[in-house]
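Dropping the structures in below, format is structure tokens.
One chain, subunit A, links the two complexes that follow: it is found with subunit B in the first and with subunit C in the second.
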Partner chain A sequence: MDIKISEEVANLLKDNGLKAEEMEKVIKDAEESGKKLESKDGSKCLAKAEDDNLTCYALYSASNGGFSLDSGYAHKMKMVGPTGGEFNVEAADEADWICKKCNENAIEANVDMTYLGVTRPGNAIVCPKCGDMYLGEDMVPTIKGAEGILEEKRG
Partner chain B sequence: MEQIEKISSLCPECLRNISGVKYASDDGKVYIDKECEDHGVFTTLISKDVNHYHKMENFFEVDRASPKNHLGVTEKGCPLDCGLCPSHKQDTCLAVVEVTDRCDMGCTYCFASSLMDDSKDPDMATIRKMFETVKYYSNDPTCVQISGGEPTLREDLPEIIKMGRDLGLTHIELNTNGVRIAQDQEYFDRIIDAGIDALYLGFDGVSDDVYMKRTGKNLFEVKSEVINKCRKAGIGVVLVPLVANNYNLHEVGNIIKFASNNVPTVRGVHFQPVFLSGRSPADQEAKITILDLLENIEEQTNGQLKVEHFTPALMATAQCGATCMTLVEGEGEFLPLTNIEQGSLNTSTDVASKTKKSIMGRWKGSSKNEDSSEAVGSNKCCGNTPLTTVTVPQESSCCRSTTKSNGWAEFIEMSKNRYLTISTMAFQDVWSYEKGRIENCCIHVVTKDGKFVPFCNYNLSSCNGEYLYRDQITT
Partner chain C sequence: MPAEDFAPINSEWLEKAGNLWTTPFVDKPSERVIVDPILLSHAAALFKKTPKYFWENPDEAARMVCQACELYDITPVGHYLWADYWGQDYGAEIKIQETSPPAITKYPIKEPEDIDKFEVKSPEELKEGPTFKDHFKALDTVLEEYPQMFAPITQLAGPMEVATNWAGIEDVFMWMITEPEIVDKLIGKATEHMVNACKVTAEKYGANVMITGSVVASGDLLEREQIKRFSYEPQCKAVKNVLKAGAGPGVYYHLCGNHTNSFDLWKDAPMSPFTVVQVGNDGKDVFPSGKLVEHFGDRCTCFGVVDTKLIDRGTPRQVYDQTAEQLQAGKDSPRGFIIGSSCECPTYAPPANVHAMVKAAKDYGKYEKF
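Up next is the complex of A and B:
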């Protein structure tokens, strides 16, 4: 699978402490399993990989028969589940994304995110059918800022 | 009985170096036993719960940086020719400069001596030398607390502060009872103009009963007025209650609640359990351990701030102090950020660097130019200078529509201006004295003859009131 990473994106990965190989694996796994978000205009995909300590995201697009990585980011917080127990699909705003696996319009919803003993709601992109939760790139500065504050207090 | 460690201590009667043992008794309490060949055996309670004692020890992982300089020659060894001697292992986080022994309060209890003779006050040249001592012994940045006696009895205090500024001291805070500041706006303005960074305000309670007991004066209104003045001036305040049994232990919850209603002007509450040096109650009944205090805080805040939310303070040892950092969500509503059950991140910054950062950052006025005239609880978005080292870009989601979830953006906002540090420090007296704690101490008192003496050494007195160091300076 051909995955292009521009110098600009490579520097971004470095700043975010991510490796190109990790991003490539996220994209490969997403393409094989179909587990990803696709923008409604079909131009972009968002996929993630989660382990115990980190959730990594690859934002990518199709390019000349292969793919090109547009952005990569990560958070240490755990997404626990819908704030208040369940998603209120009726009241939620529709997101600009479709869950490719379910072929379902994703919504913007509050999910509880927890880190170092503190749990609060954060805005996420959620598939109302399978319940998969993704952090949009616009939330990253907030979440990383909060992680930093919590780590500073703990040390 | 489980032995924890052998310690080096002092005889409470004759201040002779003696050895002792720290151990857990069969009932799960931690004691120090020590024996002087002339004066017998002394037993002191250190913690009433050995499990909590060990939890604090296990959490405490620190690196140390040495002082910039040591005394060249010593003869008698720690703690008898202190200044700092070559066996001292820890750089300074806070240097205490006493600018007078005079005090207008006449407290029934105080670790310091107090006279009313201003001829004993150090002159400007001496104070300059004391500030230069700070620069000589401690690495940058340098944090100084101007203390006493009551420093505001000096007319030239603004000039003293300005001199410290001109000499390049990084942070200068003022330890005060607040009486003069409450009454004399012109004087307070001069202190502000001279460049004071924060007030360290004696604050034993929220009721006049407490103040009457210790000082014979109604002082709660005075303390409130000081906080109002600091709010207007954008100067941060740390409330400093002395805590003792049969005195104000029942008010610790209300003190914290009062503090929470006065963030961001009030940056923290620093509880100081009574220690038996200087003018002190003759009986041991007044003494409380850190755990006693934390249990009372848990009970009196209805379990919002629990014992487990307090982690070891970054001081000499795990047993020197405890700290809880919390956000204030509403009146008396807390979101504690620290928890001893989570274990520490083993970071590689040394004790003094971290503590200095904490003193300079969190205990300083939050935003002198931004929200000095605003009421407590105002909720500005994005405009304030972050107090922490974490910077959040302007486009972060706290500026977005509030119909979307902004729990973490609120959290970041709270951490800028709804932030409270609850801490306590167990100063040592001649009963609890451990040489190992002294050698790692990072709070140092500057003497008039240009020495640096760890705070607990400086204030230590025998059970007969004989000081190890302080008398040598004041008489």
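Up next is the complex of A and C:
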């Protein structure tokens, strides 16, 4: 699979402590499984890989028969489920994304996030059908800020 | 009063109070629930100063608030703000009053036609405006002189509150009936302003707390659908955009007044890991902590309240009893609990009543969950 990573994006990955190979694997797995978000205009995809300590995201687009990585980011807070026990789909705003696996419009909703034994809410992009949860890139500074405070107070 | 006129803050107290304040947000065990009576000009009264003096001197105001925190043994954070923020930046005239907070006397929007022409200030313009000039003077004082009591806030209020600081409340309420679409437009501009204002605080201080909520838009004045349309939904949009702009991570939803008909809407409001929800009244009664925890306890930190009128006019025993009752119903809320007043502590509330809240927290606010 041909995945292009510009110098600018490579530097961003370095700043975020991510490796190109990790991002390539995220994209490859998403393309094989179909488990990803696609922007409503079809121009971008967002895929993720989770382990116990980190959730990594690849924001990418199709390019000359292959793919181009547009951004990569990660967070340590682990998303565990809907805040309050269930998503209120009726009250939620529609996100600019579609869950490719379910072909369902994603919504913006609060999800519980756990880190260092503390569980609190965060606003995420969610598929109301399969319940898959993603953190939008623009919410990363908020979550990183929260992680920093938790590390200072709980670490 | 310059900095040298104040006695130094006791470092042992500060450390202990800091731990109490941290618990509701990070679940780090401490002894008891912290008390936050939302002190502003009440602090001035403790130093024999007037509200006028308080709001005309943001640096001294911040010092007095910090000192009052130690005096009462309450949330160790320096604040300075008032309800009618942001009017002046857009041409409103305000009157600094002797015995109450500053009030707007002339609004920049007088007719519905003015709304189309009304331009929202950019973050750069707001940064140089009168509201931030005073706000930052106070916050910088806390940062320099009381760094451990520094938690920068942006006083956003809600879109309806910002809108009614640009146009008279009676006009906005009339337009809600006669020309609701024009109010949507006004509220849209207030929402845009809120995002720009928060960007300024985030850029200057980094991590911060946005105070938002619904004060004018309460159940005594508006129907649920009106609150939803003109307050809740635009506010959600603003908070999301504020968080996306890098502000936060603190979000404080201050639902002042009677919110029986609408408080549940906020269960789905956008939240960050450090979100607090406070609801003032349930009809004519203080909002029960048990009800607050039932609806919000599995979502965010709950701010239980003691009736501001009671703090102002009640006896210490009445304040003590209500605080104890609210504490017992809320103190072990799963995501943290704070006890405080339902709105700003009245300027001339008896100090014995504020002390009664703290005394009740010491007697009834001990955590059982840790």
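Things worth noting here:
By definition in this document, the second predicted complex is superposed on the first by the 153 of 155 C-alpha atoms of A that agree within 3 Å, B and C clash if a C-alpha of one lies under 4 Å from a C-alpha of the other, contacts with A are read in each partner's own complex, and residues count from 1 in each chain.
Going forward, a residue touches a chain if its C-beta (ideal position, glycine included) is under 8 Å from a C-beta of that chain, and two chains touch if they have at least 3 such contacts.
Quick caveat, the model's predicted, so the values are computed rather than measured.
After superposition on subunit A, the partners subunit B and subunit C are seen to clash. Contacts of A:Ser63 after superposition on the shared chain: neither subunit B nor subunit C is touched.
Of the two partner chains, subunit C is the only one that A:Ala92 touches; subunit B does not reach it.
By the document's definition of touching, both partners, subunit B and subunit C, reach A:Ala146.
When the two structures are aligned on the shared chain, A:Asn11 is found in touch with neither subunit B nor subunit C. In the superposition on chain A, A:Gly117 makes contact with both subunit B and subunit C.
When the two structures are aligned on the shared chain, A:Gly84 is found in touch with subunit C, with no touch to subunit B. Subunit B is struck by only one stretch of subunit C after the chain A overlay, and of the options 27-35, 99-107 or 117-125 that stretch is 27-35. Across the superposed pair, subunit B and subunit C both touch subunit A at residues 83, 93, 108-110, 113, 117-118, 120-123, 138-139, 141-143, 145-146, 148-150, 153-154. Taken in their complex, subunit C has these residues touching subunit A: 22, 25-28, 206-207, 236, 240, 243-249, 265, 267-268, 270-275, 298-300, 335. By the touch rule above, subunit A contacts subunit B in their complex via residues 83, 93, 108-111, 113, 116-118, 120-123, 138-139, 141-143, 145-146, 148-155. On subunit A, the positions that touch subunit C within their shared complex are 77, 83-85, 88, 91-93, 108-110, 113, 117-123, 136, 138-139, 141-143, 145-146, 148-150, 153-154.
Note for the complex: subunit B touches subunit A at residues 325, 335, 337-339, 342, 344-345, 347, 349, 354, 388-393, 395-398, 404-412, 415.
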